[in-house]
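By letter and in written order, the chains are A, B, C and D; residue numbering begins at 1 in each of them.
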C-alpha cells in the first residue's frame, strides 16, 4: 500500500483500444493515485471496453470515445498511444499544464535528420526521456509536463549495456540480437502476425540497421559513453505474446576484468527498484517478468572471445511501454517512483 | 485502494515452491492486509525464492524453509499447498485459532467412500468449502478457521452450471469437456509435460470418469440441484500455461426457454464481484482472465439439440486456486471479499 | 515406394495461396503419380510461391497464376480451395472428364434448406463424399469425377462416433466439444486470430448449433445410424497451428457393455490404413498426427455416467482437408488408396 | 520418386526412444533404399514404439529392444543416438564394414584438449564430418564407413557464415545469437523444460563461451577461413518445439561491398539442394523449414555498423541432426544425395 498517496490525478488514455493503451489502462486501474478519465479510440470508438479489451473487467461497460480535443480536455494527465506522427498535434491542444505522456516515438530522437530518415515525416521535437535508470534522467523528469516514453527495444538494450559503456569497459561498437513477443507489433491484423504463422516460428525483421529503434539505442548509449556508439541491431519475432530478451555484446577494452564488469553493474543497479541484477550464474527469462515493471539483467565477460555479454529481459508492454511510462509519470508528479507498479511477474 | 483495511495478518505458505504456492505468494504480496511470514518447501528448502520462483522479485532474497511445525508456528493464516494426504497432519499442529487454508483436496469431499476410491488413502474429513458464489457458501466461510479450497475444474464447472441446475432448468445429467493449461498438472518434471510435447498438441486424460475432480463436481451440483447429478467429465491438456475453458451442457427440461435461462444466470451473478456474465453473443476466453480472479461465464439454449450450453473461463491458478483461496480468506477474516484480488486480467 | 504407380496425372490447385491449397501442394509434391500443373490464386496472383508459401521450397520460383478457366484447363485433376459458393461456376467450365475435388463446402450437404440456412446462398448440389472410411463411401468414390471433401470437424467427429452409431450402441443424441488449431480459420488476417490473441488462450465460437459443420455431422451420422441423430456441437479455438481433438459422447443404450463397444471399433477399423484405434489406456493427441493422414481414435464406456466417450485426433489440414482429398483422389483414379500419403506424424 | 534406387540397406537406430532417434526413424520410413531393422533403447526397452513415439504410426506395434551388440548386429547402417561418450564402445563392436553414423558429439572435434574441456571425458577420435555443404566435405564422406553428424547449432552457424569467411570478406571474429526450439534439449524431463516454464518465455543458457558447440563452430569456420576464428556464441531457448534461428555477424573487412557479399553466397549455394539462399529482402523463418532438410539463408551488409549479418533457419532435428545424417549416409553409400529427404517444410 502506498498510504502516502494523498492526491488523485485524473488520467485519460488516447488509443485505449490497442496493446500499449490497454496496458496503460490495466496498470492505471491499480494505481492508488489515479482516477481513470476518458478512454478514446479511432476506428473502435463507440464500442465497449468489454468488447475490445475483455481483460479489463472493471471498465467493461465503459464506451470508447473518439480521440478528440474535447474528450481529452479536463484531465491532469493524458497518455498518448497513437500512431507515429500524431502526438504533436494532439499535445498542442492540451495546454502546458497537462502532463502529456507519449508512448509513441515522436519526441524521442534529438537528431532531426535521423528522425526523418527512419520515420519519413517531419521531426516534432524532443521531450524529456522516460528511462529513469539512465544517468541524469530523473532530474529531467521531475516536474516535467511532457514525457517521451522510450521504445521497448531501447529500454531493454540500454538497461543491458549502459553500465559497461558508462564505465568505459567496452569498445563503442555493440552487437544486439533481441527477441520480442508479438504484441510489440501491435494489434493491427497483418497476415504474418496470425497465430498460425507465428506459433512455432522465429524470424528476424528490419535486419541490417533498418529498425527504427536503432538510432534511439545509439542516442542513449552514445550519451552515457561520451562518444559515438555504433549499433548493429537485429530484432526477431518470437512465438510468445509478450517479452523482450536482448542479447547484447561489445568487445572488452584491454585490461577489463570480470570483477570490474560485475562491479560496474552492481553499482549501477544497487538502488534501482525496477532492475534486478541477477546473482552470478542466473540468466534473465522473459517469463519471469511478464506483466511486471521489473527488468532482469545479467552480465559476463567471455574471456575467450574477449567480449562482454549483457542480457536483459523485460515485458515489452510493461517496463517497455506503459509501466515505464507510469514510472516516469510518478516522477513528474512527485509521487514515489514505484507507486502502483507491479514488481512481481506472472508465472508460469 | 482498500483504505478500510486496518488490521494486518501474518501469513505463511507451505509449499511455496510449486505453482499453487507460488501463485499464493504472488497474490499475497499485493494484499494490503497481509504480512508475509514463512515460505516453506520440501526438496527445495534452503534455496532462495529468486532461484525457485524468479518472478517473485520482491522476495527473491528470501530462503525457503523446510515445512515443519516450527516454521509454520506464529502465523495468523497458513496456506497449505502440499501433496494430497499431508494437510491433516500439518493442520493438527497449527491449533484451532489459526486460519488454515488447504489448497489441496484433502477436505473437499463429504463422501468418505468416494474419497478413498479416487485418492486411495483414508478420508481426512470435510471443511467449509471455499467457493463463495455457491448458495450458502459465504455463511459457512464467515469466521471459519478451516477452509477447503475447491479444485480448479470444480470451480470452473460449478460456476458454469449451478444457476441452471439451481433453477431446475436442465436434467441432472451433465456433460463437460474442459481444457486446462499445463500448470494444472504441477511443477514436477514428467516427460509428457515437457514443452516439446505439449506445444502444438491437445490431448485428453482421465477419460471415462476417472479424474479426481469428478466426485467434487457431482457433490457441488447435486447440492444445488437437490438431487443427484450425473457427471460425464473429460479434461484435456491444452498448449498454454494457464487457464481453464469448461464447456458444459445438459438437456433442457421440457418448457425451458432461452429467456428463462438467461434470467437465471443474470440473477445468480448480478452481485458477484468475480463473475462476469458476458453480454449475449460474447464468449469466454481464458486469455481474458489470465492472472485475475475473474470468471467469465456465458450460457445459451441450443433449441435444435435441446440442450443448455454453459461455458466458463477462469485462470486455474488464480480463481481456480490461490485467488479463490484469498477470496475465502477475506470472508473468514471479516475483510471485504475483494481485498487484494485482481479483477483485471493480463492480456495479450 | 509405390513402384506400381505407372501413370502420371497432371494436377492443378486453385487457391494455392491459402492454408488448404498450400497443404494440397505440399502433399502433391510427394505423390509419385502426380505432375504439378497450375497453381492459382486471387489477390496474390503474380507473386512467387517462395513469397506466399515459403515452406514449399521445391516450387519457390513458380509464380501464382490468376484463377481463370484458361489457367485451369488441360489438367487431369483440379483441386478447388476457394471461398464457399465459388466452386460450382469453376467446376462447370472444367468438363466432365476432369476430376474436380472441392475442398470447400459447396457440394457436401444433401439438404438444400440446411445449406441455405447455414451458408446463406443457393444450394449447388451434392457430389460423392470424400470420407472413405464411412460405410459405402469407397463405392461412390471409385471412378467418380467429382468429389466433395468433408469439413475438418465432420471428419474428426464422424471417425470418432460412426462405429458406435452404426452398431446401435448409443442413443442418437451426441454431444461434441472439439478443439481446433488456428489454421482451421484460414489465412485471412482478422484481429482475433493474431498470435498475440490466440497464444495462451482457449475460446469457443459458433456455440449453440450455429457452426456450419453441424448439419454435415448430422448428415453423416444419421446415415450410419439409420435414424436422425441430434448434434450438440461446440467448436473451440486452441493455441496451436494445426490439429483437431474431438471429444464426443452419447448415452449408451441399455445393455451396452464395454467389450461390445471396443469390438465395434475394432471391427470398423481393422483394415483402415489411416485410422489408428489406440490400444486401451492410450488416448489421442493431435501432436502425434501433425502433418500425417492418420486419425487416432479411442473409445471407452463410462459406466458411472452411462455414456460412451469417443475421442479422435486428426491434422485438420491433412486428414481433415488436403490429405483426405488425395486419399479420395487415389480411389477415384484407381490408384492404391495410400499412394503418396504420410502415415507418420511430425513430432515433437 | 527415386527410381534409380535399386539397392536396399538394412538400418538400425540405437536410441530410437529420444528425439534425435525418433526423427531418424521418421525419415528412414520415407527413404526408398532403406529397410528398417532394429530400433533400440535403454530405459524404455520393452515398450512399443506406439507408446514411446506415437507419431511413428507405421511401426507402432514394434517393440524397442535393448541397445546391445546382438541387437545391432546384421545391419548395413547403424545410427547412434546415444548420450555423449557411449558411441566409441558401441561402434567398435560393429565392425569396419558397417556404416556407423554418430548423431552424438563423440567424433566431431579434432582438438582432444577442447573435447576434454567441454565434455569432461577422454577424446574418442575424429570421423569424417557430415556437413556436405562445407568445402571438401563430400570427398571425405564418399564411401566412408564412419560419420560424425554435426551439432545442430554448428550446422546453422556454419551454413550462415562460411561463405563470408571463405571469401575473406569479414574479420575472423564472429558474434552469434541463436534461438533453438526445446527439442534441442532432449526428452529427459527437467523442470526448466516443462511446457509451463517454456511457453511464453525466452531465456539464454551457456552464455559466455560455455556451450559445447562453441569449439565445433570455431573448428568449422577456422578451417574455411584459413586462420583461427574467434566465436562469441549465445544460445537461447525459444517457446517452440523445433527450429534454430541463427543470427550471426562479423565486422566487414575494409573494402567489402554489398554486391561482393551477395555474390559469395550465390556462388556458395548455387548448386546446393538443401540450402535456399533467399531473394534479397526475404528473411529466414524456422516455421518455413519445419520437418524439412532445407536450410534458409540470407545475408546483408550493414553499411552503417560495418558488419555482415548472416542469418540461417533450420529444423534442428532434421537438417540439424537426422536429416543431415541421412544426407551424409546417401553420400557414403553412393546414393543420390537427396534420396528420401524432404525439401518441403510443414507449415503453418
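Methods note: a contact is a pair of C-beta atoms (placed from the backbone, for glycine too) under 8 Å apart; a residue touches a chain by one contact, two chains touch by 3 or more.
Small disclaimer: the values here were computed from a predicted structure and weren't measured.
**Student:** Looking at B-D and A-B, which one has the bigger number of contacting C-beta pairs?
**Tutor:** More C-beta contacts join the chains of A-B.
**Student:** Which whole number of Å gives the spacing of the CA centres of chain A and chain B?
**Tutor:** One centre to the other, that is 35 Å.
**Student:** Where the centres are mean C-alpha positions, what is the separation of chain B from chain D, in Å?
**Tutor:** The mean C-alpha positions of chain B and chain D differ by 45 Å.
**Student:** Which chain A residues touch at least two other chains?
**Tutor:** 19, 181-183, 187, 194, 196-200, 239-242, 285, 287-288, 290, 348
**Student:** Based on which chains touch which, is the overall arrangement a line, ring, star, complete graph, or other?
**Tutor:** Complete.
**Student:** Of all residues in chain A, which touch chain C in the complex?
**Tutor:** Where chain A meets chain C, its residues are 19, 181-183, 185, 187-191, 193-200, 239-241.
**Student:** Across the complex, what residues on chain A touch chain D?
**Tutor:** Within the complex, chain A touches chain D at residues 173, 175, 177, 179, 181, 194, 196-205, 207-209, 214, 230-232, 234, 236, 238-243, 245, 247, 249, 283-288, 290, 298, 300-307, 309, 311, 313, 348.
**Student:** Taking the complex as given, what residues does chain D use to touch chain C?
**Tutor:** 1-2, 5, 19, 22, 26, 29-30, 32, 50-51, 53-58, 60, 182-183, 187, 199-200, 241-242, 276, 278-279, 282, 285, 287-292, 294, 296, 342-348
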